[in-house]
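We just call them A, B, C and D in the order they show up, numbering each chain from 1.
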Amino acid sequence: MAGSKFAYVRNFELPDPLLPGTFMVLRLDGHSFHRFSDVHGFAKPNDVRALKLLDHAATDLMDQYPDIVLGFGESDEFSFLLKKSASLYNRRHAKILSTLTSHFTASVTFRWSTYFPDTPLQYPPTFDGRIVLYPGIKEVRDYFSWRQADTHINNLHNTAFWALVQQGGESTSQAHSTLKGTQSKDKHELLFTRFGVNYNAVDERFRKGSVLVRQQEQQGSHPDSPSPEAKAKANASKPAVVILHCDIIKDEFWDSRPEILSG
Amino acid sequence: MAGSKFAYVRNFELPDPLLPGTFMVLRLDGHSFHRFSDVHGFAKPNDVRALKLLDHAATDLMDQYPDIVLGFGESDEFSFLLKKSASLYNRRHAKILSTLTSHFTASVTFRWSTYFPDTPLQYPPTFDGRIVLYPGIKEVRDYFSWRQADTHINNLHNTAFWALVQQGGESTSQAHSTLKGTQSKDKHELLFTRFGVNYNAVDERFRKGSVLVRQQEQQGSHPDSPSPEAKAKANASKPAVVILHCDIIKDEFWDSRPEILSG
Amino acid sequence: MAGSKFAYVRNFELPDPLLPGTFMVLRLDGHSFHRFSDVHGFAKPNDVRALKLLDHAATDLMDQYPDIVLGFGESDEFSFLLKKSASLYNRRHAKILSTLTSHFTASVTFRWSTYFPDTPLQYPPTFDGRIVLYPGIKEVRDYFSWRQADTHINNLHNTAFWALVQQGGESTSQAHSTLKGTQSKDKHELLFTRFGVNYNAVDERFRKGSVLVRQQEQQGSHPDSPSPEAKAKANASKPAVVILHCDIIKDEFWDSRPEILSG
Amino acid sequence: MAGSKFAYVRNFELPDPLLPGTFMVLRLDGHSFHRFSDVHGFAKPNDVRALKLLDHAATDLMDQYPDIVLGFGESDEFSFLLKKSASLYNRRHAKILSTLTSHFTASVTFRWSTYFPDTPLQYPPTFDGRIVLYPGIKEVRDYFSWRQADTHINNLHNTAFWALVQQGGESTSQAHSTLKGTQSKDKHELLFTRFGVNYNAVDERFRKGSVLVRQQEQQGSHPDSPSPEAKAKANASKPAVVILHCDIIKDEFWDSRPEILSG
């Protein structure tokens, strides 16, 4: 058969299975998003349209891949946890990394006009991805705590920074100087005394990021279901992905969703 | 600083540099493209709109990443050769794989309406990717020969198959039976005697695939350039990516472009 | 400086850290030991001199590397568990694998004459090694259960086999036939009825393998210590490696030594 | 079968093939050899017994593994080149690394008394190993040039240093001071003017290291072979490993042995 003398080149494709029995975390980061957000006129410090767009792409990904049991998004990044027993694509590293990155990227461009109806896309946003393996539940929880703590720190800083610029009339370099060396409580104070902003009342989406979990629909959530069959179907349906903006550092989130870490 | 007690989770991100001094080949494959092409009514055996769409996305990728010195596309797959000395992202495996896959994917969705103006995208196409390292120029040439030989085999088969179905009135299972066990020359013969098709006159795009190379613009290509400065600028401009449909198995292609393999 | 123009070749030495937070198991296997045991006249089915020799080499290794918390030996193989938090050689794969394999190998040859005083070494025994990562304690316990179950199966078979040959006068191929298809209880029965051997009374070393753990010396183990200082020193001394031939499949072994898996 | 419920632990043994079409270089380094050489009273700056011992172990290794086409030793380290097409152990990384390290280590201890008949081995020497892949012949040559340039630099320094100490009556810290900042030519000068040593006349073994290659026995080397059959056999016999102390930086060595790099 023609071509068979070349087929040996497949021998250079080496196996790349990820260690079984570990949790995979896929983290996607926007590539050159500073420029992208400037070109497309993103609101500062947070553009709710962009955040909802990424949430939607993340939901698409979780709809497609049942092995993903948790998503967490902030700014231009999203992390996804795959359950410990995931056997997706036989745990082949490149296959999982590339396919999931591709799926998320495609959704973002596909859904753009839904969230930015008046802003034509100049060029499509891209993402880099990495998969990190965590052997135990402590590390998994600490990973997500790390990301949510980062969300808090960045958002508090950005909220103060843009208040100084947008409401305080400072230049960006002045605002940098003003914030230099300040602690969290200083920023809270500054926001409150100078701009009347109670940071703790800022939209939880901005302060906590987006937490995507699967949630079985409640019985009774379809009160008008006309028949037992329809109810049975609703109950049997696979859990829907829901978007929360809640704390994931404390125990409560995890204690009430033991299936996430149960493997 | 808040969050610092969680930062140890970064220690689980292990380094993944690709061996220096080797050629990287990135191959992207459409994910579930059989279904995708059905849903979007692709022409059989080849949809020139889809092929040109992928060519455009490949061109976008090569415009963005100068380390890519060659692209080869057929059907729903594309292979890219990075020059041997490429130091892109410090040769980090996951970074390169995910970023380039993301970029190509994003371009395909972004450019969809240009090539399918009358076909709304039902859902965005996705791709998986892999990077294979080849240590020498023989293996690189054999890799691309393997893909182009595959193009030929597949296209000849598909051309005969769809002629039997579309012009010969056979069912798809009849067409499978008709072709079972046939050799290349049998398929040429069948196409010619039953359908008057000279396979060698079929569009080279279908028979050879798409070959993307960088080509310095010719002097004189801007005959009306009004000034020496403009000419100098044109000559100094970076080579443009051009799309060919030529043989890449024989020596001529490579002999006339020594820069591809020179590393 | 001379040589500096060649130093770039070090760039081809890629990092190879093992995933943190996992248990490493190093398994060493004798290379071509069938031939080696023939050449050196090993007793069948077990040569106690050889087993003790490997135990000694394993003890040497554990004396040298405190990160090893458990050893298990049978026949010509030995497995070593490193504690979960081990940071030996920064967890570099090749460094750990090669150094520990080398150390064990060296000890075996070095100690040969102690255990085989009348058998000159014709050529030195060699070992291959591998490191396997286990993310959790269940997998670690199952790994060691797997090896000890293997010890039992092999030793029961070999004991019956060599009884047939050495005492029953069967040829080796006859003995193979006799045992073909037999279950464990058949082999127990055969040993008892034909050779008067109660398998459960066979030396535990052969039935259970060798289990190496660190054991704090008992207070009172030096009853004649003349001074409080000497006692304090004895108590502070690092635990000695002791060799047991006990069950490691059931819970008791692990429950009474929580430090092994505590990481 | 007993034990089968534990056998899943084998799934954690991941494949680790080395990239085909590349040259493997295995480098072995003595572990804590400073201490080892002190304990065993090695001569300074070079102990010819120790060097010959390592040469012998390296010869043993090359006798056992025909895929090794070149060895280079200096001080307490040895590098081995495997031919490009080597398929040893299916190119499994851990298997090759551990087995070859073990073999070399075993030989060193086994041969100790041949080279140190009057020096009992206090404890056996151990080695760490690493395998580095080189894609092309330039990198392979530069690797060995790097090692031989290192040999030269180290030996010149050590020769001058120990001359100052042993003949010049300097303390080791005085000798360090004396040599600080000196260039190669300064050391040559010092050796000649103060100690009458022409460095270029120093034993090539010390200046060049040991180069192990396979060499077909010369026709005529068995002048008294009584029969054509015997001669044929001699010619057909596999090449013997020979030890040279020659330059491997310049072209001549490689040009006259094209088989080393021909793959």
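Definition applied: a contact is a pair of C-beta atoms (placed from the backbone, for glycine too) under 8 Å apart; a residue touches a chain by one contact, two chains touch by 3 or more.
It should be emphasised that the depicted structure is a prediction, and the values quoted were computed from it without experimental measurement.
Enquirer: Which chain's C-alpha centroid is most distant from that of chain B?
Expert: C
Enquirer: Interface overlap for chain C and chain D, more than half of numbers shared or less than half: same or different?
Expert: same
Enquirer: Distance-wise, how many Å sit between the C-alpha centres of chain B and chain C, to the nearest whole number?
Expert: Using C-alpha averages as centres, the distance is 53 Å.
Enquirer: When the C-alpha atoms of chain A and chain B are each averaged to a single point, how far apart are the two points in Å?
Expert: One centre to the other, that is 31 Å.
Enquirer: Quick one: chain B and chain D, Cα centre-to-centre, how many Å?
Expert: 47
Enquirer: Spell out, as numbers or ranges, the residues of chain C touching 2 or more other chains.
Expert: 12, 19, 21, 133-134, 139
Enquirer: Please give the residue numbers of chain D that touch chain A in the complex, ascending.
Expert: Its residues touching chain A are 11-12, 14-15, 17, 19-21.
Enquirer: In their complex, what parts of chain D are in touch with chain C?
Expert: Chain D residues touching chain C: 1-3, 6-10, 12-13, 28, 31, 94-95, 97-99, 101-103, 105-110, 121, 123-134, 139, 142-143, 145-146, 149-150, 152-153, 184.
Enquirer: Using the touch definition from the top, list the residues of chain D that touch chain B in their complex.
Expert: 19, 21-22, 133-136, 139
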